[in-house]
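The following pair of complexes shares a single chain, subunit A, combined with subunit B in the former and subunit C in the latter.
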Partner chain A sequence: MPEARASAELTNRVGLHARPSVKLTQIAKRFSARIEIATSLDGPWTDAKSPVKIMRIKAVRGEILHVKAFGADAASAVAAVVDLVQRNFDEE
Partner chain B sequence: MASKPNVGVVIVSHSSKVAEGTADMVRQMVGDAVPLAAVGGNPDGGLGTHMTLVLAALQKAWSEAGVVILVDLGGAETNSEMAIEMMAPERRDRIVICNAPLVEGAVMAATESSGGSPLEVVRHAAEELMAGR
Partner chain C sequence: MERRLIGKAASPGIAIGRVVSLRPVSGVPRAGAAPDLERSALRQAIEATKQNLRSMVARLAGDEAAILEFQIAMLEDPELALEAEQFVGEGQPADAAWLRSMDMEMARYRASYDVHFRGRVSDLADIRDGVLSHLRSTPEHDPIEPGQIVVAEDLAPSHFLRMDWTSGGGIALRAGSPASHVAMLARARSIPMVVGLGEAVEGLTGLTVLDGETGMVIGSPVEESLTQAQAQALRLSVGRREAEQRMREPAVTRDGKRLSILLNISSLRELTGLMPEDCDGIGLTRTEFLIESALLDEEAQFRAYAALVRWAAGRVVTIRTLDAGGDKPIPGYSPEGEANSFLGLRGIRLSLSRPDVFLVQLRAILRAAALGPTRILLPMVTLPEEVGEARSLVNIAAEQLARAGLAFVVPPIGIMIEVPAAAMAPEIFPVDFFSIGSNDLEQYACASARDALQLAGHAHNLHPGTLAMMAHVTHFARANKIDLGLCGDAAGNLAMLPTFLEMGIGSFSVAPGCVAELKAAIRNHRASDGTSIVA
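Up next, the complex of A and B:
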C-alpha cells in the first residue's frame, strides 16, 4: 500500500485551534487514504479525519506537524494537508 | 461526491439567541455544505421549546442522508422526540438525537457531515466529545 510522509511547521497565530482543525479534517476527508497527524515522530498519531481528536492535540504555533498517510492517494493527501498548514489555513 | 447528500443538522435550544449563535458558529467554521436549521424559544418569543417549531426545523434541514438533532435541556429533547414522531414514517429512522453538548456537538456533527459521512458516523462525531472526557 502506498505510504507518504511529510512535515510542516504550524505558523498560523492560533495553531491547531477549532477552526483550523475543522479545515484540516475537511481536507483530509477528501481522500480515501488513512491520514494521521502527530507533533512528534514518536507519536501519538491522531486520525486526521476526526475533528474532535485533532482539536485535542492542542498544537500551538511553532510546533511541527508530522503527517503520514496510507492508501492509493496517500501522496496527494499528505501534500494537501501540508499545503493547508503552509497556507496558514487560509486565515492570515 | 456532489451527488450524495450530506446529513442535516438541527439545533434545538430553549433560547433563540443560543440557537442562532450556534448556527452562526457552524456556518462560519464549517460552511454551507450542510443542511442546517436552528430553533429556540417558544412561539411567544420567550424561553422554551415547542414541538411544531422543531418539526419545521426538521423539515427545513431534511436530507435523504438523515438528520442529527442537538439539544440543550430536557424539554428540548422531549419536544424533539415528539417532532420526530410527527415526521413521515419512512423518515423517522433517519433522525437521531445526539447525546452531546449543543454548541460543540453541532460543530463536530456538521464538520463530519460536510465530509460526506453517513448518519451514524456524524452522530458518533458529536457524541465522541463526551466519550473522551
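Up next, the complex of A and C:
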C-alpha cells in the first residue's frame, strides 16, 4: 500500500486550535487514504479526520506537525495537509 | 418596588425591556432503559442538536458562523460520543453517561496551559447542554422575543447567536466576564450587557432597565428612572450618529484648542474603511502583532511599515519596536520559563539582548521613514543607557543601509512612559518625544496584573497615584517643549478626558473604533481655566 510522510512547523498564531482543526479534518476527509498526525515522530499518531482527537493533541504554534498517510492517494493527501499548515490555515 | 443592582459593564448602551430568565438545562433525569434504547436516544439527541446548529449557521457569516461550525464538526465526529456510549453499555442512562463523558472532555481542555484551548471549554459546555436538552426532552430554552432583557447564570455563544437581536435587547448575567466570547459578540452587535450581578438577578421580573456603561440594572423602575433611561438611550443613539458624521473634522474644544487624535494599530486590516483625514496619524504601531512572524524578514517588515506610511499620506506614523514578553510572548524569541515575565526580559530589554533581530527591524523602519514622516517608539524603557544603546544600533542600521545604497531617513526617537521610575524621572532620557502607556503604568504602579484590571470592566478609572505620575511627566514635557501623547486604553475613556485635558495632555492615540466618540467629547469640552496645551 502506498505510504507518504512529511512534516511542517505550525506557524499560525493559535496552533491546532478550533478553526484550524476543522479545516484540517475537512481537507483530510477529501482523501480515501488513512491520514495520521503527530507532534513527535515517536507518536502517538492521531486520526487526521477526527476533530475531537485533534483538539486533544493541543498542538501550539512552533511545534512540528508530522503527517503520514496510507492508501492510493497517500502522496497527495500528505501534500494537501502540509500545504494547509504552511498557508497558516488561511488565517493570516 | 424599584430594585437597583450593580454589576460589571461588559457591553455599552442602554436597554429597556421585559426580563426573560434562561434557566440552566436541568430537566428531569432519565429513568434509563435498555442500553440499546439509550444508545439510540443519545444518537438522536446529537443528530437533533446538529440540525439546530446547521439551521443557525445558514443565517450567519464570518466569526459567528465559524464558532458554530466548530461545534458541528465536533458533533459529527463519532469519537465525541464514544465514551458516553461505553458508559451506556455499562448500564447508565444516556443523559448521565453524556454528562460524565463531556465533563471528562472539558477537564482535558481545562488542563491545557494554552489560553486558546482553555477558552474552548465554553464551546464544549454549549455542545453538552444542547444534547442534554434533547435527551431530557425539555425545550432548549424559553422562546426569546425581540427587545427582551435576557437574564441567566452565563450565556453560551450559540445561545446568543440563536436569539433575534434585530430589535435590540440586553443581557444581565449572574456570573460571566467582560472578557468572554459572548461579551465580544454583544459589543460587536451593540447589545448592552452587564455581568457579575450575583444572586440578586434571580429577583428580576417584568420591565427592567440595563445600563451597559455603568453596570447598573434597575428592576421594576419607577416612572422617573424609566424616563431618565429613555432620554439617555435617545442621547446615546443620536450622539453616536452625530459623532460618526463629524469624524473627519478636527478635534477642537469649545474654547478653541486643537488636539491631536491618532490611531493605535496592530494590523493593516484595522485601517479598512478609515481615511487618513479621520485622524492626525498613527500614534502606536504594535509591531509584535504586525510582524511577529517576520522577525528576521527585513523586506516583509519594510512592506508593512511602508504601507502604513503611504496610507497616512504625510501624517506621522509612530512605530513602536517589538514589545514582546510579558503577556505577549513570541515563541522562539521571548524567553521561556521566566519566574516573572512582566518584570523580566521584555520590550527594549529583549530587543537590546538580540541585536541581530533588532537591527532587522530598525533597518526596515529607517527605509520606511524615507517615504514619509515616521517616529521610532521604544517600549519599557527604564534607563537612559537603553536609549543610548538603541541610538547606537539605529546609527549602525543607517550605516548598513548607506553601504547597501538603500534610501533611508533616521527618524525622531521617543520612549513609552510605562515604568513608574521612568515617569518620575523623565529628565534623564535624551529623547525626542514621550508616549504614556497607561495600561502598563497602571499595572506596575498598582501591583495589579493587567487581566485582573480588565475584570474591573470598561468603567475602570486610573488610580490617583498613576495620574500623579502622568501629571509629573506631562509637566516636564510642557516645560521643556518635548512632544507628549497618551496611547493606553485610558485615552479612549471619555470619563477621564477632562482630567487629561486639565493635566495638559494634547495628543491621544486610540483604537480606530474610539475616534468618532473621542472627537465628539472633545468638541463638548471647555477648559475651566486658560492653561495652554502641549500639541
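General remarks:
The rule is simple: the second predicted complex is superposed on the first by the 92 of 92 C-alpha atoms of A that agree within 3 Å, B and C clash if a C-alpha of one lies under 4 Å from a C-alpha of the other, contacts with A are read in each partner's own complex, and residues count from 1 in each chain.
Basically, contacts are C-beta pairs under 8 Å (C-beta built on N, C-alpha and C of every residue); 3 or more make two chains touch, one makes a residue touch a chain.
Quick caveat: nothing in here was measured; it's all calculated off a predicted structure.
Counted by residues of subunit A touched, the larger count belongs to C, out of subunit B and subunit C. With both structures placed on the common chain, the touch criterion links A:Val52 to subunit B and to subunit C. Residue contacts after overlaying the shared chain place A:Val14 against subunit C, while subunit B stays out of touching range.
Look at A:Lys29: by the touch rule set out above, it reaches subunit B but stays clear of subunit C.
In the superposition on chain A, A:Arg61 makes contact with subunit C only, not with subunit B. Contacts of subunit A with subunit B, set against its contacts with subunit C after fitting on chain A, overlap at residues 18-19, 22, 25-26, 50-53, 56. Interface residues of subunit A, counted against subunit B in their complex, comprise 18-19, 22, 25-26, 28-30, 49-53, 56.
Residues 28-30, 107-108, 111-112, 114-117, 125, 128-129, 132 of subunit B are the ones that touch subunit A when the two sit in their complex. Within the complex formed with subunit A, the subunit C residues making contact are 66-67, 69-70, 73-74, 77, 79-80, 105, 108-109, 112, 114, 116-117, 120, 123, 292-293, 331-332. Against subunit C, in their complex, subunit A makes its touches with residues 11, 13-15, 17-19, 21-22, 25-26, 47, 50-53, 55-56, 58, 60-62, 88, 92.
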